[in-house]
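Please find the structures below.
Next come two complexes built around chain A: one with chain B, the other with chain C.
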Partner chain A sequence: MTAEATVLLIVLPLFGAFLLPTIGRINASAAHWSGALLLALLPLLAIELWNLHSAGALPPLALGGYLAPLGIVLYPDRLSLTLVLALTLGSLLLWPRLHQNDATGRQATLMLLLVAGGNGLALAGDLFNAFVFYELVAVTSYALAAKLGSGDGYAAALRFLILSALGSALGLLGIALIYTLTGTLNFAHLAQHAAAFNSPLGITAFVLMVLGFGVKAELFPVNSWVPEVYGATSHRIAGLLAGIVSKLALLLLLRLITLLYSDVEVAGWLLFTLGLLGLISGELAAWRATDLRHTLAYSSIGQLGVMVMALSLPGESGMVALLALALHHLVVKPGLFLFSDGWHGTSLAGAARRGPWGGVLFLLFALSLIGVPPLPGFWAKLLFIREALAAGGPWLLAIAIILTATVLETAYLFRFLRRAYSRHGSAGYGAIGPDAALRASAFGATLVVGLLLLNPLTELLQQTAAEIIDTPSYIARVLDVPVEVTP
Partner chain B sequence: MLNLETLLTTGNLLYAGATTLILIGIAGMVLQRHLLRILLALTLVEAGVNLFLIAAGFRPNAAAPIAVAGQFPASMVDPIPQALVLTAIVIGVGVLALALALALQLQRHYGTLDMAAIAARLHAAPGRGSSSGLPVEPSHSGKESAS
Partner chain C sequence: MNSLDLLLLLTTLTTLLALLMGRWRPVGWLLTLLYALQLALLADLGLTLQGGGQVVSQLQLTLLGYPIGLVLDGFGWLFAAITLLIALFSSWFGSGAWSAERSDRRAQHLTLSLNVTAMLLLLASGDLLTLFITWELVSWSGFALMAYAGGRAADAALRYLIYAIAGAMALLAALLLVEQQGGSFQFAAVATAVTTLDSAGLWLLLLLFFTGFGVKMALLPFHLWQAEAYALTPGPGAAFLGAISSRMGLFALMLVVVKLIGLEHLAALAIPYTFLDAQSLLAWIAAFTIIIPTFIALTQSDARRLLAWHGIGQTGYMVLGIVIGTELGVAGGLLHVFNYATYQAALFLSVSAVIYRTGTADLDRLGGLITRMPLAYVTMLMGIIGLAGLPPMNGFVSKWMVYKALLDNGQPLLFVAAIIGTLGTILSVYKLIHNTFLGQLRAEHQAVREVPWSMSVPMLALAAIGFITGWMPGLALSAIDVAQQALGIATLPHHLGGFSLSNGNLDMLWVVGALLASIGIGALIFFAGNRRHLTHQLDNYAGGHFLSSSHRYHYSHNFYAGLMHLIGPWYRGTFRWLEQALINSVEVGGNAALGLFRNSAMLLYMVAALTLALWLLL
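Take a look at the complex of A and B:
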């Protein structure tokens, strides 16, 4: 395998997405399973590329042979490959079921498009391609969120679309401002001109991009779509959007803050403030919500708030904390969302008695989310709190609020567990279905594997974090020695 | 002292026009209730942003960025923003088409396109806990056995 295979991470799912509707017309189940098979190839490819990268044999890819900063560059590094791996494995676990009234494989096609866009966003080496791929992810997520045949689903998706499209327009305005400042959009080239961003115009651009692209990251003032969409769409899609798509937007913000705005103090404090407000509002709303779906929706606003705060943590160990929080949330949130159909409303009471395995899984996810040792969630929170303590100042306030939020998390998650184990439930009615239980088991297994491999995983995270903050080597790798691909 | 001559250049007028369009659009998105008007306002915002990008590539007295054999103009406008805007326009059209398709479904399900009414219906969905005064704990057995 050569470095050129990087491009397959985007091309293969795109190719599959365009082919599926045609295959679906001939045989629906063939389309459905071939899509899943294609998707299953991508994590293997990502692992191969990771090994190549570790051996130092995976340079940035200049598409069409045009070198950076003029050409389009794909930048595969540990961070982008981690995201690719998470996105492909996650969407494989959340792959739609074969449905009677979805004969042409609409959902499967959209999932492949989402993966193509997400991989592109993770690998993009310049701001404009990141924007284009972000839009691809956005458009597919509107379509996925619009649950067929449900009025509320359409309404929620449309309101999501309007907010997100406005956000994208503002983000594009921020990109335009950056272009007027520097005349380039290549990340590495921009990083060389980072001094230009410490100006009123540069900071305005940052605010616009954070608000614009923060919509998907459930950032504080632009997250009103979250409870609506997660309340109306299917539990799979809610898990996908909350767990995985939000991390893609977070990755874009991470690239901005590490490559462009690492020296602009205001940028860090803006993220800190918005993250803190998101944490407070999300956790309080989650505590007030009464059904599992909305509780999980609001609580993911709170947890993403912590991650947005962590974006501004200084240094390598701050990045390790951010990565740990993000990867943990990426596994636990979809797992929890899978319960939201079965453990819903009146069928909640006694659900864990009728489906004991579901109860065990929910307990595992809930304990890890709260951060009970020795589960991975505890280590992620511990890393964050340790780094925040070291940073001092307003971070101490953040620690106090996070610890309070942990109490709230315990309160609202155990409210559901207590109800699920209650003896008052109507007998033989409602539990999570075998499909959801299987998927949730897979996420639970991932969590347990993460716990068993905690030490090697931490080492990998440290390597990744060291790479993220090493801007000089990012610049050197892109602008000096990219490989050429002959068209 | 501000000089009107230097302030009123074509470039500045373009920026001012683009910013005005964006502001009008945002105001429309916030103030209007009817979905089609909101989408129209969204289109205005996108047009404003696109104009802004074009303005970023503007050079006074420059030729179009097309290479013609034998002609060497003194300066050309920056072609990159134009390429970006083309992409942005295409994305905008796609998003708008999807929005209109959703609007059609919305009209079928609700019989209205008044977004304020639709939002009120969405927010009345049970479980959000936003309409009640205090955090509500679902009551024991009573409610379940009744339903």
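Take a look at the complex of A and C:
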């Protein structure tokens, strides 16, 4: 296993995606499961690369032998590999079912393309490739969001496409502005020219990119697509989008703010303000929403608002808080979304009595989301509030609002639990299907494992955070000693 | 493994047993035995905790770099003893005939044991972070106990949950403030934080702690959730909740305010432009907590709600005594916690017995049950004498101590407030017993029998404990000594019958002796006098007509009509209005947020950003 294997994280799923329709013509089931098998290889590869990185033997990869800052560089560090792991494992747990409308294996192909794009986005060492992979993720998410055989789904996906495409255009404009400012798009090279971004043009570029890429990160005010799309798509895809794809967009914003805009105060305050407004609007709307799917959609807007605020927290501990919040949300939200089909409308009443295991899982996820100790959600919130308290000033207002938001979260989540445990439900079939129950159990098991391994996990997060804010080290690694890959 | 670890292991085993085998009928008895065992263990622990000692658990964790440790001192020990005592009798009550026909037996046993485990962990917390974690465990187990019955109980429990989470968030903020100022989550950091915080910061800290713990205690203005939630919990659960559950808030508040911060700091915090300071503010909040809920109890027509509202009111006495800070006051307040637990549990259990036999606790639909359920009557009689604070029951002793402490400390107005509360209590408990047991027996209750022994023995035992500790308060005061020493306050010199101070004394041995003697003399005269001829209640006539059971001659509805005519206009429902106003503002905010998402102006923002960018470029 050498450092060159990094590129396999992108190439393997791409290759699989192109191969799958061909296999699918012969045997649809074989295509479906070989896709899953391929996907299952990726986390193992990511863990191997992580071990290499810990040993110090994983330098940035320059593709085709063209060195930075002109060539394409892949930068596998702890953050990228964490997100690669999260994306591949999450996609595996949310792998589509073999559906009679989907004889060509379209869903499986799209998932592999999404994974390829997401891995590329996480590993990208320059802004343009980040954008390319971001677009790949975006296009596949439009297609996945169009729920098979549902008119609502197609309409919602179309609106999603238009709005997100406009956002991508804004993002591209921002990238173009950055190029005019500095003449380069390589992250390390841009970090060297970071002083240029403390100007009106630089800040405009930031605003454009934040609004543009913030569409996927459910940023206020460009998140009005969220309730509609999450409401119309399948529960797996809603979980995938809310839990995992949003973190990819956050990663891009994170790279921008730590490498390029770390000295620009306005950037931090912009993220703080947008995050705060997102938190307030998301949680209040969630309290008012009537069905589980929309409640969870608004709730994820609120939670992502907290994470966007955490982006602007100064220091290493702030980064740890952001990573803890992001990883926790990544596990809990898809788990909750898996209930949104079964616990719906008239079948909500008594659902937890018909399916007791489902009730326990939902309770577990709800308690962790609210932040009840000793579950991981509590520790993530504790870290965030502690750092906010240390930062002082307007952050104190943010703390008061987060604490109030927690009360609202309890109210809206336990409303559903109350009805699910009511004794006046209709007798008969179980609430959520065995498929959704299995997936939710997997997410629940991940949460419990996270709880049991809390201390080692925190150490890992601290190491990751230290790497993230260490910009000089990033520059040194990329521009000084890249690895050549012969074509 | 020391005694504390053994105790915690036992209580965890109890919970596991309830979880795994709770459906099996005999498990209830097994659990009751386990509670008794834990109580015995705790009594043994009490000997080592005298003189301000503490027991450190060997279970030490470090999470995220924060140490989590369990330490039991005398103060926690007292509350633990009361918890296990009430759990023992509640479990006993609920193990026999009560749960024989019920389908939610496992939920009943599991929620009770979960609560006991969580409370023991809370009482043994060794630092602020552990306090918070166990506090949340207690809140959530309390929610489970209130909610498992479903229906309206679950709705009331949900309301409780909102309050509880709001309190927990205030508590979290207070904790993080202490950590920021004091450097860590250890108890000693609170003292450091108090010195480094300015006056405004200290007020904020106090208010946050007060909100956090006051919600659980149902101190004004956080009291609206408790009565409904406790009243609708079935049977033994309600007894347990009413007796000891909200005392956890008292434990935590007193731990922080008296032991960690210190009452002298509270007295030094003055409210500008008034003569009040933080200590007297707390005392006055306690005083209003005595008066307002007690008079709300007066108007209740459901027996359980009446008792639950009294529960809120009696907390005021405990807080009042402890906040005064003198040996007598603190002893009175702590003794009131124990006394209240015994008679409130007895009262709730006797009301549960009435519900078990008649199916209702509505005071307008009962009456005359003394002839059918004499044991329940005796329990309720002793309970209400205790609740009203009259001899020979233990409630009298603790209330006497609180009154005396108030007067000794030069607080006549607070004393008057406490007396007004007692007046309201006496009035409403008489209504309780009159409407339930006295008066005319209804036709539909003619066939009612006494409850089985499995239910009447525990409630009589609790009443008996109340009587014995009322006759010989020295027994209970020895236990209070352990707690007072742990708080760092000098103990009250006492003897078996009470105490004697330089400016007054109380000797219950003489008081109860005189009372029993006079009852004896009265009985002698009664029974040795003229022959008695027993007749049926309805073998009588009034207004020229013979009585018949189809008519109601029993005055019970709108019992205090005359009094209500006078003080009715004073019931304004201000707190309910405030609560509803808060909910309405959140609704408005929610509607605004939802409207924000409906009116999708996303494109507009993007176009605006685009225009701005182009303008800057060109």
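To be clear about the criterion, the second predicted complex is superposed on the first by the 485 of 487 C-alpha atoms of A that agree within 3 Å, B and C clash if a C-alpha of one lies under 4 Å from a C-alpha of the other, contacts with A are read in each partner's own complex, and residues count from 1 in each chain.
Just so it is clear, a residue touches a chain if its C-beta (ideal position, glycine included) is under 8 Å from a C-beta of that chain, and two chains touch if they have at least 3 such contacts.
Since this is a predicted model, take the numbers as computed values, not measurements.
With both structures placed on the common chain, the touch criterion links A:Ser422 to chain B and to chain C.
Once the two complexes are laid over each other on the shared chain, residue contacts for A:Val137 go to neither chain B nor chain C.
In the superposed model, A:Ala242 lies in contact with neither chain B nor chain C.
Once chain A of one complex is fitted onto chain A of the other, the partner contacts of A:Ala86 are absent, as it touches neither chain B nor chain C.
Contact with neither chain B nor chain C is seen for A:Ile257 once the two complexes are overlaid on the shared chain. Looking at the shared chain after the overlay, A:Thr458 reaches chain C, while chain B stays out of its contact range.
In the superposed model, A:Leu166 lies in contact with both chain B and chain C.
Shared-chain residue A:Gly231: touches chain B; no touch with chain C. Of the two partner chains placed by the overlay, neither chain B nor chain C lies in contact with A:Ala68. Common to the chain B and chain C contact sets on chain A are residues 166, 170, 173, 227, 285, 287-289, 415, 422.
Interface residues of chain C facing chain A in the complex, by the touch rule stated above, are 62-65, 132-133, 136-137, 140, 147, 150-151, 154-155, 158, 161-162, 165-166, 169-170, 172-173, 176-177, 179-180, 586-587, 589-594, 596-597, 600-603, 605-606, 609-610, 612-613, 616-617.
For chain A in complex with chain C, the touching residues are 163, 166-167, 170, 173-174, 177, 200-201, 204, 207-208, 211, 221-227, 280-285, 287-289, 298, 367, 370, 372-374, 379, 382-383, 385-386, 389-390, 399-400, 403-404, 406-408, 410-411, 414-415, 418, 421-423, 454-455, 458.
Contacts from chain A toward chain B in the complex involve residues 128, 132, 135, 138-139, 142-143, 146, 150-152, 154-159, 161-162, 165-166, 168-170, 172-173, 176, 179-180, 183, 185, 227-228, 231-232, 285, 287-291, 293-294, 345-346, 348-349, 415, 419, 422, 424-426.
Partner chain A is touched in their complex by these residues of chain B: 22, 26, 29, 35, 38-39, 42, 45-46, 48-49, 52-53, 56, 78, 80-81, 84, 87-88, 91, 94-95, 98-99, 102-103, 105-106, 109-110, 115, 118-119, 121-122, 125-130, 132, 134-138, 140-141, 143-145, 147.
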